[in-house]
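The data blocks that follow each hold one structure.
In the two complexes that follow, subunit A is the common piece, with subunit B as its partner first and subunit C second.
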Partner chain A sequence: MAHDHSHPHPHQPDLEETPLTHYQAMTEAVGQLLIEKGIITGEELRATLESIDSKSPAGGARVVARAWVDPDFKARLLVDVNKAAEELGIDAGIIPIRAVENTAGVHNVIVCTLCSCYPRNLIGLPPDWYKARSYRSRAVREPRAVLAEFGTAIPDDVELRVHDSTADLRYMVLPARPAGSEGLDEAALAELVTRDCMIGVTLPKSPGA
Partner chain B sequence: MTARFAIGAKVSVRAAYPPGHVRTPFFVRGKTGVVTEIMGAYRNPEALAYGRDGEPALPLYRVQFQTAELWDDYGGGAADSTVVDIYENWLDPAEA
Partner chain C sequence: MVLRRHHDMGGLDAGPVDPSGPGAEHDYAPWEKKVDAILRLVSDQKRRIITVDELRRGIEELGPGVYDELSYYERWIASITNLLVEKGVIEIDELGRRMAEITADWPAGGVADAEPKA
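The block that comes next holds the complex of A and B.
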C-alpha cells in the first residue's frame, strides 16, 4: 500500500534552519569578497571544493599497495610521496607529504596537536575524531591508550613513534604488509589499506578478514 | 639555506611563551631532543599569520624526543618517541 502520510514524520531541519556560526559567516563573507574583487572566480571556488571532495583514502591505498609490491617504488615514496603518487596518476597537491614506515621495531602514529594538518590531498578529508581536542591531546600524552581504544595493541618492545605535524609538511603512515597477503595482487592489497592504518591508529586489514 | 644544526645534533626547544600565532607545541618547550632530519627552509609562520611575507625563510627540523622525557608519568614503552617539526628560531644547542 502506498505511503499516504496519515502518520507524522519527525521533522528533519533544512540546512538553513541552523544558524550560521561565526566562522561559517566569515568564510562565506571572505569567499564572496574574493569573487567580487575579481581575485578568484566563482567557478574556481566551486572547482576547488569539488576537487577537495573528490579525494579519498583510495588514493593512499593505491600508493601503499604499490609500495608493497615494488621495492624501488617504495624507496621513491619514502623520499617524496607527492612525486611517487604522480607516477600512479594521482595528484597529491603541492604541500609536501612524507611517508613514515612501520617496521618490526617501530609503529608510527600521526597527529596534529595544534590544528588538523592531514595529507588531505592524497587521502581525503580527516575524520572528525582526528580534529577533536581529545585525540589531539591524548595521542601525544597517552598514545598507547588511544590505540587500545581503536583495538590496536602495540607490544611494549616496539617503539611507538608519534609524529606531530606542526609545520609545513604532512605525514602518512606506510603500514607493513600484512602476513598472509603473499598471494594477493596489487588491487587486492589496496583493499586491505584503510584510512585509519594510514594515520597509524590501526593496522591494515588481514587477508580474508 | 644554511642550517645551524646538523642531523644528530642535540637541541633544546626554547622555553618561551610569546603571544600570537606560534607553531611550537607547549609540550616540547624547554625539552631536549635530537635532530633527525632537515626538511628545507619555509617562510616563518609567526609572520605569515599576520599578513607579512615570512622572509627570511627558516630551516625546519624534525626533532625526536624520548616520550618518557616529555611527560612525568608516561606509561608507555621505554623506547617510545615523539617527533615534532620545529623551526630554527625555536632551537638552541643543548648543553652537554
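The block that comes next holds the complex of A and C.
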C-alpha cells in the first residue's frame, strides 16, 4: 500500500496511485471551474460520461441488421442516418451521418485525414489506429494496401471509394449482407456486424466462417 | 509543391497500419472520457461555446512539436482550455491555481510535465 486508508478517496481509486500528469490536472481543473461558474452542472457531466459509455458498435450493428432485413428502412437510412437510427431508439447525435453502401461493384472506406471525425454517437469511440498517422495518411492514397494490412482483399474490379470525414459530416459504411446469412434473424445478423465493418476495413464474416 | 500544415497528412507516406497493435482496442481512461464529455457539453446546442472546427484549429495551433508529443486527448484538453481562456470563460490565473491545488491534493503527487506518449 502506498499510503494508509484512513481517509476517504475523492478520486478513482486505481488512478490515484499514479502521479497526476499536467494534462490530467488541467482536465480536472477545467471541469471544476466550469461547474463552479454554472456553465455546466455536475449532473450534466455525469450524464454525458454515462452517455459516452453507452455508445458502442452495437448501436450501429442494430441499424445495419435492420437495413438488411427491411428495404424500406434501408432507403430511409441512406437518406438520413440520424433519423433512421432514431426509429430504433438510438440517438446518433446532431452531426449528420451519411451511410455509404457496399455493393457487388463498390466498396467504401471511411477516414478523417485532418483529425479523427468519426460517427461516435452511433458506433462509440474510435480505435487508436483510426487516429494514427499511418491510417490517416495512407487510406486516401493506397487504400488497397491499407485494407490488406487488415487482412481484407478487395477484388480489382470492385471500385474502392474512400470518404474523408469532416467536423460537419460523418460517414458510416453499410456493409453488404454476407453470403450464408439468409436464415438468420435480425439479432443474429447484428452479431455479424463489427466496428471495423462499419469503418470499411473489414467485411462481415459469413455465419460459421 | 503545396505547403501543408502539420495535421494535414492525407496522401503522405507513412508506415503500416497495425490493427492489432498496442491501443488497438483502446480502453479509454476516465480522464480521457472526461475531456470528451467537457467538449460535448461546451459545444452542445444549449451552450455553443466551442465548435468542433475551433477545437481543431486549436489543435493545429499547438504546432508540430507539441502536436507530436501530446497524446490524443492531451491535444484536445490543451485546445479546449486555450479556447476557454481566449473566450474569457475561464481566467488563466485561476486555472493555474486550481491545477496546482489539484496536483498538491493528489495522493501520488504530480509530474511537472506530461510524458510524451505513443
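In this section, the second predicted complex is superposed on the first by the 183 of 209 C-alpha atoms of A that agree within 3 Å, B and C clash if a C-alpha of one lies under 4 Å from a C-alpha of the other, contacts with A are read in each partner's own complex, and residues count from 1 in each chain.
Here is the rule we go by: a residue touches a chain if its C-beta (ideal position, glycine included) is under 8 Å from a C-beta of that chain, and two chains touch if they have at least 3 such contacts.
Just so it is clear, the model here is predicted, and its values are computed rather than measured.
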Message: Looking at A:Thr113, would you say it contacts subunit B, subunit C, both, or neither? Reply first, second, both or neither.
response: both
- prompt: Touch check for A:Arg161: first (subunit B), second (subunit C), both, or neither?
  reply: first
Query: Is A:Thr27 contacted by the first partner subunit B, the second partner subunit C, both or neither?
result: second
Partner chain(s) touched by A:Arg144 [first = subunit B, second = subunit C, both, neither]: first
Message: Contacts for A:Pro207 in the overlay, against subunit B (first) and subunit C (second): which applies, first, second, both or neither?
response: neither
Task: Considering only the touch criterion stated at the top, classify A:Leu169 as touching first (subunit B), second (subunit C), both, or neither.
output: first
- line: Partner touching more residues of subunit A, subunit B vs subunit C, is chain C
- prompt: Touching subunit B and also subunit C: which subunit A residues?
  reply: 113-114, 140-141, 164, 167-168
- request: Going by the contact rule at the top, pick out the subunit B residues touching subunit A in the complex.
  value: 23-25, 27, 39, 42, 45, 60, 67, 70-71, 74-87
Residue ranges of subunit A touching subunit B (in the complex, touch as defined): 96, 113-114, 140-145, 154, 156-169
Message: Under the stated contact criterion, what part of subunit A meets subunit C in this complex?
response: 2-3, 10-12, 15-34, 37, 39-40, 44-45, 48-49, 52-53, 94-95, 111, 113-117, 125, 127-129, 131-138, 140-141, 146, 149-150, 164, 167-168, 196, 201
- request: State the interface residues of subunit C toward subunit A in the complex, per the touch definition above.
  value: 7-19, 21-26, 28-31, 33-38, 40-42, 45, 47, 49, 51-53, 56, 59, 70, 72-74, 77-78, 80-81, 84, 89-90, 94-95, 98-99, 102-103, 105-115
